[in-house]
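What follows is a set of structures to go through.
Here chain A shows up in two complexes: once beside chain B, once beside chain C.
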Partner chain A sequence: MQNQENRKKRQWIILAAVLVILAAAAGLFLTFGTRRENPDGKGIVLEEGAEDWDGEMKDMSEGQTGIKIPGYGEITVPAGETTWKITLANPEENTCYFKYTVTIDDSENPIYESDLIEPGKAVREFDVTEPLEAGDYEIHLNISTYAMDEELTPLNGAVVKAVLHVV
Partner chain B sequence: MKKLAAGTAVLAAAAVLTAMPVFAENTTSAKTDLTLYVPNDPVYTITVPETVELSATENTQVPVTASDVKYIPEGKKISVTFEKGNGTFGRLYLTGVNEETGKDYTLTLYIKGTEGEFKMGALENQIKGMELAAFTDNGTMNYELRPANLEFPDSTSDNLKVQKGVHYSASVTYGIELTDIE
Partner chain C sequence: MKKSRVLLAAALASMVFPTGVMAAEAEQQLSITLTAEPEYSVTIPASVAMGNEGTYVDVTASDVKNLPEGKKISVTISGTDKYNDQMLVEAETTPKTSLRYQIISEDGELIETNASTGAVGVGKEVVSFTGNETKQYQIKPVIAGRYEYDVEYTGCIMFGIEVTDAE
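Up next is the complex of A and B:
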């Protein structure tokens, strides 16, 4: 009699354990199994601060298809401030996402990284991780481009360099 | 004590009264704030191909276009360079897999820019920073890519000949900046 009760108790414990494991597995699948990963493992995350942008630029490329990369002359930002007003744009003729990573001189540590910017949108100002002292630097706007498909396939990219005046 | 307090009050009143006329005179003047802000916007656009279909039998021309050129300072040009490939150490070569056998292959590429001489993509020190196109105004220039099998037609090395049934691919990162015209 005692043995039968013990056996029943064991069966209940095993059943409860199986249910807990199944619930945990279902939770993990719903959390990670259905997510589309972007290169940072965050899924497709569009830049919230991006505004509509036409750049007042006419399309003079005579219909040449490809990835249009904006280039810069000299850029000026205030010394000691972390908010920089630089237009980081993805021209509207593009059919891919842009992701900007901003570095200074030879440093590999980014001072700003955008999320994905859609064609026809631009980030007009952003916060850098640390302010710079007055002086001249070389700013590197690393542009990674991704196809607008399920896999976010990486495409040809560019590093746009410009003189950065911090005043 | 009372005298001291009264004296202080008189001095304070006198100070206020001497300052008042200065402000009073300005109440009728208008003020114009002058500001000048040049936005850090793009001043030109470079268009590079999204994909390039390479020929296995001849050199392939790759167009690069400058457009929307608004202002380039005197003595400067827009320089488009080879920054890096997606190979190890930024080398430029194609990779692919034979779907039937599962075997991986690479195919070395040669690249030629404005200097007019082909350089081997496996020698990253020779090709990093190579100028591919240069502009002072709107226009299009081509750079060239050449698969290694054209350089070594009799080679039996897997990396120097095109394998049938293999879909090769690679990507290029371009450097874009204003540099001095030499």
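Up next is the complex of A and C:
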């Protein structure tokens, strides 16, 4: 009789322990399992060097949700130097983050990658991984855009191409 | 009277010491640091969003400066967030379902990806601009295959933006 009671008690303890473990596992899954990492797996990393930027850009969207992408005709940078003065901006009308990845001609290796740039901010100069020799190139400013939510939901982006004169 | 005397003295002084003034001007150093700034902006839609019948989407060019004669700002499809740059929207259904979509450009060209016909969207022009203006393209889903109602189908487009020769 005593043995049977003990066995029942043990079964209740095991059941309670299993329930506690299941509840803890469910809690951990809800906290961490549904959270998406940012594209680099670094959490939200804002560009430290980004300055306030007011490019005097008019709003012609008439209320439609859109993303304003700055474009360039021709850009000139000095040959043999790694610091380039190019404004990489996120216009203040936008409600998303910008991340710039700069590539040259057909190369897939970026020579510069920014962190996330907030609306109304711009990187005014940046260091490239290697200097270029004098000549004309095609510069690709790949702009990935992300919603300003916890998941950093990807939005439509753009690749702005321009002529790069290295002199 | 007093004022005119002062002016006369100043004029005489400048005649007496003209070489000194010139020497000072010759020594003056000019220092200009230029930063490449955006020359136009293009507002693209934030995401691929449409109902059963599709929708018209605005794309706006603004702040256009120094666009040379015979040139235009061209907006093309540069890629999508789906495998092989397929023009698809996907939903988190079980199993995952997707829908193809088509874009009808400003010029009436049908842009789509289709494995059976070999049609690709990358490189196709959606709209173009020669100044500050708003253009539209049409986007519509291809309702076929396996899909579900009342769920959100999402996808992203990467637009190519550059200054090219106007035809």
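Throughout what follows, the second predicted complex is superposed on the first by the 126 of 167 C-alpha atoms of A that agree within 3 Å, B and C clash if a C-alpha of one lies under 4 Å from a C-alpha of the other, contacts with A are read in each partner's own complex, and residues count from 1 in each chain.
Just so we're on the same page, a contact is a pair of C-beta atoms (placed from the backbone, for glycine too) under 8 Å apart; a residue touches a chain by one contact, two chains touch by 3 or more.
The structure presented is a predicted model; accordingly, all values stated were derived computationally and were not measured.
Peer 1: After aligning the two structures on chain A, examine chain B and chain C and state clash or fit.
Peer 2: Clash - chain B and chain C, as placed by superposing on chain A, overlap.
Peer 1: Answer with first, second, both or neither: which of chain B and chain C does A:44 touch in the superposed model?
Peer 2: neither
Peer 1: Is A:91 contacted by the first partner chain B, the second partner chain C, both or neither?
Peer 2: both
Peer 1: Which holds for A:128: it touches chain B only (first), chain C only (second), both, or neither?
Peer 2: neither
Peer 1: Which partner does A:66 reach: the first (chain B), the second (chain C), both, or neither?
Peer 2: Touch partners of A:66: chain B and chain C.
Peer 1: After superposition on the shared chain, which partner residues are touched by A:104: those of chain B (first), chain C (second), both, or neither?
Peer 2: Neither: A:104 stays clear of chain B and chain C.
Peer 1: Do chain B and chain C land on any of the same chain A residues, and which?
Peer 2: Overlap of chain B and chain C footprints on chain A: residues 55, 57-58, 60-62, 64-73, 75-77, 85-87, 89, 91, 96, 154-162.
Peer 1: Mind pulling up the chain A residues that touch chain C in the complex?
Peer 2: 55-58, 60-62, 64-73, 75-77, 85-87, 89, 91, 96, 124-125, 142, 145, 154-162
Peer 1: In the complex formed with chain B, which residues of chain A make contact?
Peer 2: Touch list, chain A to chain B: 55, 57-62, 64-73, 75-77, 84-87, 89, 91, 95-96, 154-162.
Peer 1: Quick one: in the complex, what on chain C touches chain A?
Peer 2: Touching chain A: residues 33-48, 58, 60, 62-63, 66-68, 73, 78-79, 81, 132, 134, 156-163 of chain C.
Peer 1: So in the complex, the part of chain B that touches chain A is made up of which residues?
Peer 2: 38-51, 63, 65, 67-68, 71-73, 78, 83, 86, 138, 140, 171-178
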